[in-house]
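Here it is, the structure, as structure tokens.
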């Protein structure tokens, strides 16, 4: 089921790891840790994160469970960067840490992106906070000496500040306040049209369900390979609870152990959380 | 003292902490944490997720909802079904160094019989846990909340196997102790409680039930005090051993349940927050001197 | 829309938020916050603490235990008894500008009759709430968890008064909706739920039950999801209005209960954290558009 | 039932009040707020305090309820000092505030100490954290131009640092590491022996149950007036829950509205919380 089976093995159990740095990037917060117990992780993998103190008190007893967060950067020696988009009590508390505070960490978990085959030119597509694993993948491809394209879509210029951290990203915004005015799909079409017809591509995408569904439909219509990193609420992150399932062509599968990266061809449609 | 072995239903267990059904999957965990997990679980016995006769997909997502100091799930008992579980999972689970307890549920008496007959005799399985949180399809009563129904079921299963039979009762009952008494009288070897507490959550946006299964089961610290009351009530009414669970997240919580009479304590939701929670809980428990 | 008046059992109430029995004492509050409190309560109706026939001291202390996201109490229904309550408290409570609902409990049928006959006719009292969380002294069944017992009691009380009868049922029942259906059939005018959930806590030092009453009742956010499930189940089964409560601490919580069918929402434990919580909850509720 | 009925009236409801200062005094923490909505309060009254943020998350969902805390100082213009002895999640969180954080405040509540009659010389007795309301009462007596004595008992010199904040306290410690080695009762006996026989006294005490019970027994044996400020866990602080009752000669009464200060003669014994 998983695109790759050579996944890194996480230490069994949860560990306390201090926060090294905290930085705001537009509306996002980037926090970094050095987790010497961690193996070298693959882009698209994630960690289950909680804070050691004051987890649960901000908003009436929540957050209670740890939160799944992909890393945006890793140096292979235990340094991980996590980019946070605050949408509720868990991400708010995580974004509120100070240098020296301990995070409680389980991971890296999940399958991560597969290495795109040498014949295909990888096009990385990130929407909003979905840029995090995509940028981690960009670094991984750079390190592997691969060429690739990155398309990042944001709501507005403030969110798009993230893109200015990295060279050569094609940026689009919903409101046109920076980059091209439009969607990542518009940009993808422009990019593909600009490539030589013989150039085959593979899409690697992470973002909101609507965007991923558009990428899936596009890939399916064009007959392209596409890896989609899904986001769905998780309780455990390691296959224990069966809470994170997503519908696939072969039934409900756990996004935490069989994903979060799925081949677009495995899915009939991208599941959006919330009541059906 | 609690670090010492404990006898339970003829088994010699290394300590008192096991897992709660459906809250740890050693096969999935070995994919995340490596194959050693299978042989180094922090539990003294392993309880499987509920196995049913037919394969089940489980409930549609979303399946999770977070609560103040707890969570709610509507997983819906997804599993491979009896045949594939025996063929595919049992060989892997039998590599564990600890006894395996198979948790089973039927939607009618015959299904329970099929499960008990198929698994009761297996050498790899040390005991059966009957999950009786299902409704009797004929009467509509939830078997686990009705003493009579529960007794009937256990009597019937008792005839089918010599394996220890653990009956896992539901907290959503007027008188859980009455159900436990009835199960004991019908030949149960142990009682396990509590299963999750029925709850509901609405989507803040659509204002409709959030969970794919509409209602869900509450677990975690939010149900701890309710669990302790029910465990206390059951332990004071039955002589057979009790596996207690519900919101255990520390050695103190485990000690409370043991002081109320439990023989074993199962860790559920806390496994999600820390895959090795059971090890910490056991260590903390060992430092607490229990009421003699 | 929710700020608009709402009809409940023939009463015209200014809004949907009332207090839960036993969680606000206007007379004591006026000592702390001044006499204006009596005429400026944040509720649209006031429910008294349970009144019994005889005066009661209540349970020995300790009576409180804090829980993750909640609390447990074993107050034990201390009150002045019917006669002194009518003489001393009722004249003060009748100065309130909102309808008064008297919550009463008997330990046997005759006591309920005494209370209903004495209070049912009073002009100062707009409705009676029957607290049926007590055991039937003959059968031992908790009246509020047994549909038959509850129906019997309500039928008998229905003959004694024309005052609206609200039946407050317990969550510690296998099937609260069945109890509500039975109360409705017997002539109840409204159902109120949930009362506290049975729980237990041990003293960390002595390892014995902490509360003077041994077990206690859990309240607060920890029981919110369980309350919502029970309110939803009851509202879908009865036509009479429902007063819903259990862990309400925000307008969102109140809106959830109303969307599940409740007519009024009662605030209990949250009053302890903020004496004016009900005002905040009402304001928050008004900003939420409910399912039409 | 209450020693006094001229109690200050608190604003109805809970309000957010910022913390002005935080200071450690030995193992204690002194926090100060300026609460302009508060009336002039009487020593021995208390507030229900919680923090606006992170109340509930430190230790598995607790603290949930506000905590009853007497003030150690008040300037009559809304400035209140609270002394904290950390014994659990509530006092830990309160002691962990920073300047500028908001407290959620209800109060002042309870009856407070009565003014000792002019004929009697007040002897104030504080044990441990019980020193807080006693020192507030000392200030109140000073302001009223009254003479009085203060006896403070502590576990050791570190706790006794508090006494050095105030002049003329008679200090005893359990371990003799500072002040006289002994109990406040020993010191009380010495003090009374040193007074002229004609000098009648009134005792005003706050401290652990064992100390208060000793003061009660002493007062009863010697026929002295004594006001005892009791501490018992409270859920609401304003008479709503009936959770804080203490046994008195006239039955269980609510410590929050009928106390926390009781005449020793009202009590058969001082109730110590915990299972009977």
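Lettered A, B, C and D in written order, each chain numbered from 1.
Here, contacts are C-beta pairs under 8 Å (C-beta built on N, C-alpha and C of every residue); 3 or more make two chains touch, one makes a residue touch a chain.
If you're wondering where the values come from, they're calculated on a predicted model, not measured in any experiment.
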Weigh A-C against A-B on C-beta contact pairs and write down the one with more.
A-B
Average the CA atoms of each chain to get its centre, and name the chain whose centre is farthest from that of chain A.
D
Between chain C and chain A, distance of the C-alpha-averaged centres to the nearest whole Å:
48
Which integer distance in Å separates the CA centroid of chain A from that of chain D?
54
Any idea how many Å lie between the Cα centroids of chain B and chain C?
34
Multi-chain contacts only, two chains or more: what residues does chain C have there?
67-70, 208, 221-222
Residue ranges of chain A touching at least 2 other chains are 56, 60-61
How is the touch graph of the chains shaped: line, ring, star, complete or other?
complete
Residues of chain B defined as touching chain C within the complex
65, 67-70, 72, 142, 145-146, 172-175, 197-202, 204, 207-208, 215-216, 218, 221-226, 228-230, 232, 247, 252, 255-256, 259-260, 290-291
Spell out the residues on chain A that touch chain B in their complex, using ranges where they run on.
7, 9-14, 50, 56, 60-66, 104, 106, 109, 232-247, 251-252, 254, 256-257, 271, 273-276
Given the complex with chain A, which residues does chain B contribute to the contact?
22-25, 27-29, 31-34, 36-37, 40, 49, 57-58, 60-64, 66-71, 73, 75, 78, 203, 205-206, 208-212, 220-222, 269, 271-277, 279
Residue ranges of chain C in contact with chain A within the complex
68-69, 221-222, 249-250
Can you check the complex and tell me which residues of chain D touch chain B?
60-61
